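Look at the two complexes coming up: chain A is in both, with chain B in one and chain C in the other.
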Partner chain A sequence: MTEPMTEHYDVLVVGAGPAGLAAAQAAAMHGARVGLLDAQAQAGGQVWRHDVRRAAPRAARRAFASLENVDVLARHSVVAAASHSLLVETPDGARQLRYGSLVLATGARELLLPFPGWTLPGVTGAGGLQALTKQGWPIADKRVVVAGSGPLLLAAAATLRAHGTHVLGIYEQAPASAVHAFAWRLRHWPARAVQAVGLRARLAGVPYRCGTFVRAAHGEPALSSIEVEGPHGVRRIECDQLAIGYGLVPNVELAGLLGCELEHAGAHPHVRVDSLLRTSVPGVHAAGELCGIGGLAAARIEGSIAGHAAAGAYGNAAALLPQRTRERRFAALLSQHFALAPRLHALATPQTLICRCEDVTLAALDGFSNARDARLATRCGMGACQGRICGSALAELGRFPRSGSRPPLFPARLATLAVAEAESFLPNDYRGNRT
Partner chain B sequence: MSTPIRVTVNGQPVEVPAGSSVAAAVARVAAHSRRSVRGEPRAPLCGMGVCFECRVQVDGVAHVRSCMTPVSEGMQVRTDD
Partner chain C sequence: MNAGSYDLIVVGAGIVGASCADAAAAEGLRVAIVEPGPIGGGATAAAMGHLVAMDDDPAELALARYSLRQWEGFADLPEAEFSRCGTLWVARGETEGAAIATRMARLAAGGVEAHAIDAQNLYELEPALAPGMYGGMLVPHEAVVYPPRVARYLVQRAQTRHARLYAGRSVQRLTHGGVMLDDGTPLHGPTLLATGCALPELLPQLPLRPRRGHLVITDRYPGLLRHQLLELGYADSAHGDADSSVAFNVQPRPTGQILIGSSREFGATDTAVSPAMVQRMLERAFSFMPVLRGLQALRIWTGFRPTTPDGLPYLGAVPGRTDVWVAAGHEGLGVTTALGSAQLLLDLLLGRTPAIDPAPYAPARMSA
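Presenting the complex of A and B:
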């Protein structure tokens, strides 16, 4: 059946991860007509991503079961935005979704830092390999090294092991002192402590080394070994896959396109919200990682708050605020203890590719102090990912911040762009070059 | 587990569990999904639809992100050799 080209929802939620699921459920409780869209084929986001071989966690199953009164719009990618309307692309073509209020729950992506060899097949993000594995990637009996920073490394390693992988080691860049201090603070968060102990138990026998990072990856034509540097020197490890991620970056592209004010604390912006999770744009709410990396529990609470608020139920939203404050405190603890060591910013050599879409080296970017000039001269950030990988890496490396969002938010089909043009989703200056 | 799905990658038949991504089917046959502008082999990086390194051709449609596309019976996938 063909879906209607234009649809109206009282509350439209973008992103069907834990925050978006909670938002949709909360808004639907008040009788609102709710749409929940996601670019992926199944709800769950990254944390609750569907696993082809294993059952979803109980909390995820409960969240999926609560969507009876919600229109779940899978494989819907937002391409452009106008007032109270989003243009989305689906496998069957373009659609326009109009809304009364909007909840942004676009989550986060991994921070991937360039180092020699990072473009080799076999090098993936840590959460990246976890996601691929859940969707059937052949990983059994492969030798995998997990590296980077943060508790996500343990979660990724546990998934990989459950799928029959030989996890050779987990290499955390944060020094042992910081990781131990974090573990000690966990005593104030018993549920988290239990979770951490459980994860470690599932990883029994897997070395976990702190103050250690991957300097380079080698192999031809694909990964065959890595160089790891730690407190006791450098060593080479033969492996089939390297799963490496340095934490998370909020996905603020759609919020930026809508004109929501961003908070520029640190290298990666997040969306500015008030205590009821309202952005600076009337009718647009935000929840979860795009308000600043906060983790699963914060995302779920914030999703509920934003969903209630989007449906006009401010009392219900306000009642949840103390829980949110507590979860956000935990998030602050995480970022403080897993701060990235400056030496990670110096891993890329002048010959290392920074922009993987356009094959632009670090040396080619010398002398540029903003993303626009670099893009015009070198094509850096002009490829299919639109600077989501290289732009975030360059911001982290202290070169220059990413430039703002412009439509289309993702490469789109010509037919979709034709609708965008006809329905006034493109800014007027896009028409200036027409002859 | 439900019946596996059969697809072809570069003409070679492949079976993957139902619900798998095209990327998972590709990984069983080919070492890379695309070649970069200077000809380097590339394979999935982010696993979540952001980096576009996993682009392949699916049933004649170019530039499909294989990590975000579920397999369906009889699908024909081509990598960029």
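Presenting the complex of A and C:
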């Protein structure tokens, strides 16, 4: 029998990235019983992901050290939700965690855009290859091209270089004018400017080309070269790895299951919150990337606000609001200067695979105007990634928005699902079918 | 002929409505199809897609067999994702095993080939079954399909024969001599209601209850399971009247995924997944196939089977109405029986004698 261990927390925090760490610490200050869970084995989230070769930055070490009054629940993946409880999968079986209030800090994932050759072995996300490298994946001496958009490319390239790869170049799709304007505005955020200068210094000698993007990847059976197009024409570059990411997409799936209202501003929704980071569902707060891509500093400050608010300490929360406003201004700057050029939407050809789990090409998706229709007819999005990759790509390409969340949130063992504590899994307005 | 005037208005494009529209268009009728959602997006999208002859009721067996023969015409159609995995009915103990002879005789009388399987043979066919099973019965020619894609294919085929699809529209009410759409458009002509669980909205006089079911699908595990497996006691769950029941019912999808059923509940009207039912259903499955425990599940969903009081569909003219026909109420067998239902209904509509006796399915039985 899989009888789940049930536990109750006053404040339960989902995600132990910078936002979740700050939230747990803030909530625990007020004497609340706090649980901080994360699917990963180590806290840190994306930016402070454990690196086998390098010590964590000071801010991360401080955040990890401030958790003595927090129950840290590593390798806990939330797979389903019911009213005031989460069904969690751990290596030792399923658990049911109940909560008084909840802080969602589930972060973001990379946006991958389809182009000819993007499914070849050797092509990964930029942050994805960075993460693999930090985990000790052997990459030393490989020739790597980093491409896509946004400051994450620099961070990824710096990690890759520190682990001994040859970074042949960084190709940023945003035009040089936009990148320079961004750099100029950075002076209002001196810490950021210092960070950026530091990164550039660590990348000395690596070409950084703006207004340039990867048109196609070639190789058989694995990547051997890419075609890049820039202001001066098209060039072929031989390489072993292509690390390519077009920015970030908030992980709103759990919030969606819980019924939190989403903001559909651009192609990718984020969670709607009020100034104290309360979502539309009473008792559920959100912080960090899932409230809209804002980066590390925004995640940390929002985590603190949400943690205080979740513990009922609204005064403490409100005191931090000016800092948040400042950081969110920076976030707006990012999305403005690194907006994706429309021509990137036209890279995929009719034969390019869009859903790699189920082998669905772009042509097979012609004529569909919503995700459910397309899925029923083509299986697009029905695979193990549950549409996280193809669904976001199709939304970015302007085909149709991703459809709502459903349990299990991530593939989960059947034994985990055979627990009957809750009345019903959310969402309630679930369309009853295989989609 | 006037615009909006048809030889047959098919209301609902689930597998049943799609089959009827296809059959009618093939007869040369001018067909309209009205469907508010995606084609096959109702019960049809939720179904397992197992094409199976159930033998506990002679009328159901006759319709299934008639229909299964027509399904053979789809065996090579890519859209159908037809996979002839066969059905292996599993007996846990001697009591269940004792029923095998009777069931084989009934299937044989209906013209369905079946073989008794001893324990050794059973484990050769399906090594992952829990130890200690008694044996079983193999129905080798049965298959599985992907129902929503078939429905879509049938509608498209009807469209190539000039059927007109009113997509995104629903029928608001029946009128004298036709229907009124939700946008106020009137359509004229004989009308066939194939609205599945929604039948009472337009035709309250025919009793129908939704019966909720859960299904779980796993990641890909090619080769782990080869046949559709059902416990021999399945019919007790399927045709019993219990408010809720579960049975061991697992299916190998052509992708290598495993589809796990089945549960039945009356009275549950919301679409949310019930952890209690999922638990019961999965524990039942684990007791037959313990390896399932460790497999990764990708999705759980619920669906509603349109269920009549006697378990047989309504196929034929609606008593007391002129030119109103019905094809609905197929419970858990509507994918299997859709093609035969459509043929039978078309024969009645065109005044021909159907290949099987239509009396058991006549809607008039409810007013008798």
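The working rule: the second predicted complex is superposed on the first by the 416 of 435 C-alpha atoms of A that agree within 3 Å, B and C clash if a C-alpha of one lies under 4 Å from a C-alpha of the other, contacts with A are read in each partner's own complex, and residues count from 1 in each chain.
By our rule, a residue touches a chain if its C-beta (ideal position, glycine included) is under 8 Å from a C-beta of that chain, and two chains touch if they have at least 3 such contacts.
Computed from a predicted structure; not experimentally measured.
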item	value
Partner chain in contact with A:121 - chain B first, chain C second, else both or neither	first
Which superposed partner A:58 touches (first chain B, second chain C, both, neither)	neither
Which of chain B and chain C A:40 touches, first, second, both or neither	first
Partner chain in contact with A:232 - chain B first, chain C second, else both or neither	neither
First (chain B), second (chain C), both or neither touched by A:373	second
Partner chain in contact with A:411 - chain B first, chain C second, else both or neither	both
Contacts of A:419 with chain B and chain C, given as first, second, both or neither	second
Partner chain in contact with A:187 - chain B first, chain C second, else both or neither	neither
Shared chain A contacts, counted only where both chain B and chain C touch the same residue	383-384, 411
Touch list for chain B against partner chain A, complex	1, 16-21, 23-25, 27-28, 31-32, 36-38, 40-53, 55, 63, 67-70
Residue numbers on chain A that touch chain B, as the complex places them	39-42, 46, 50, 52-53, 75, 109-110, 112, 119, 121-125, 127-132, 135-138, 221-222, 356-359, 383-385, 388-389, 411
Chain A contact footprint on chain C (complex, rising order)	38-42, 45-46, 148-149, 152, 212, 215-219, 260, 270-276, 278-280, 282-283, 285-286, 292-304
Residue numbers on chain A that touch chain C, as the complex places them	80, 82, 87, 370, 372-373, 376-377, 382-384, 386, 406-408, 411-435
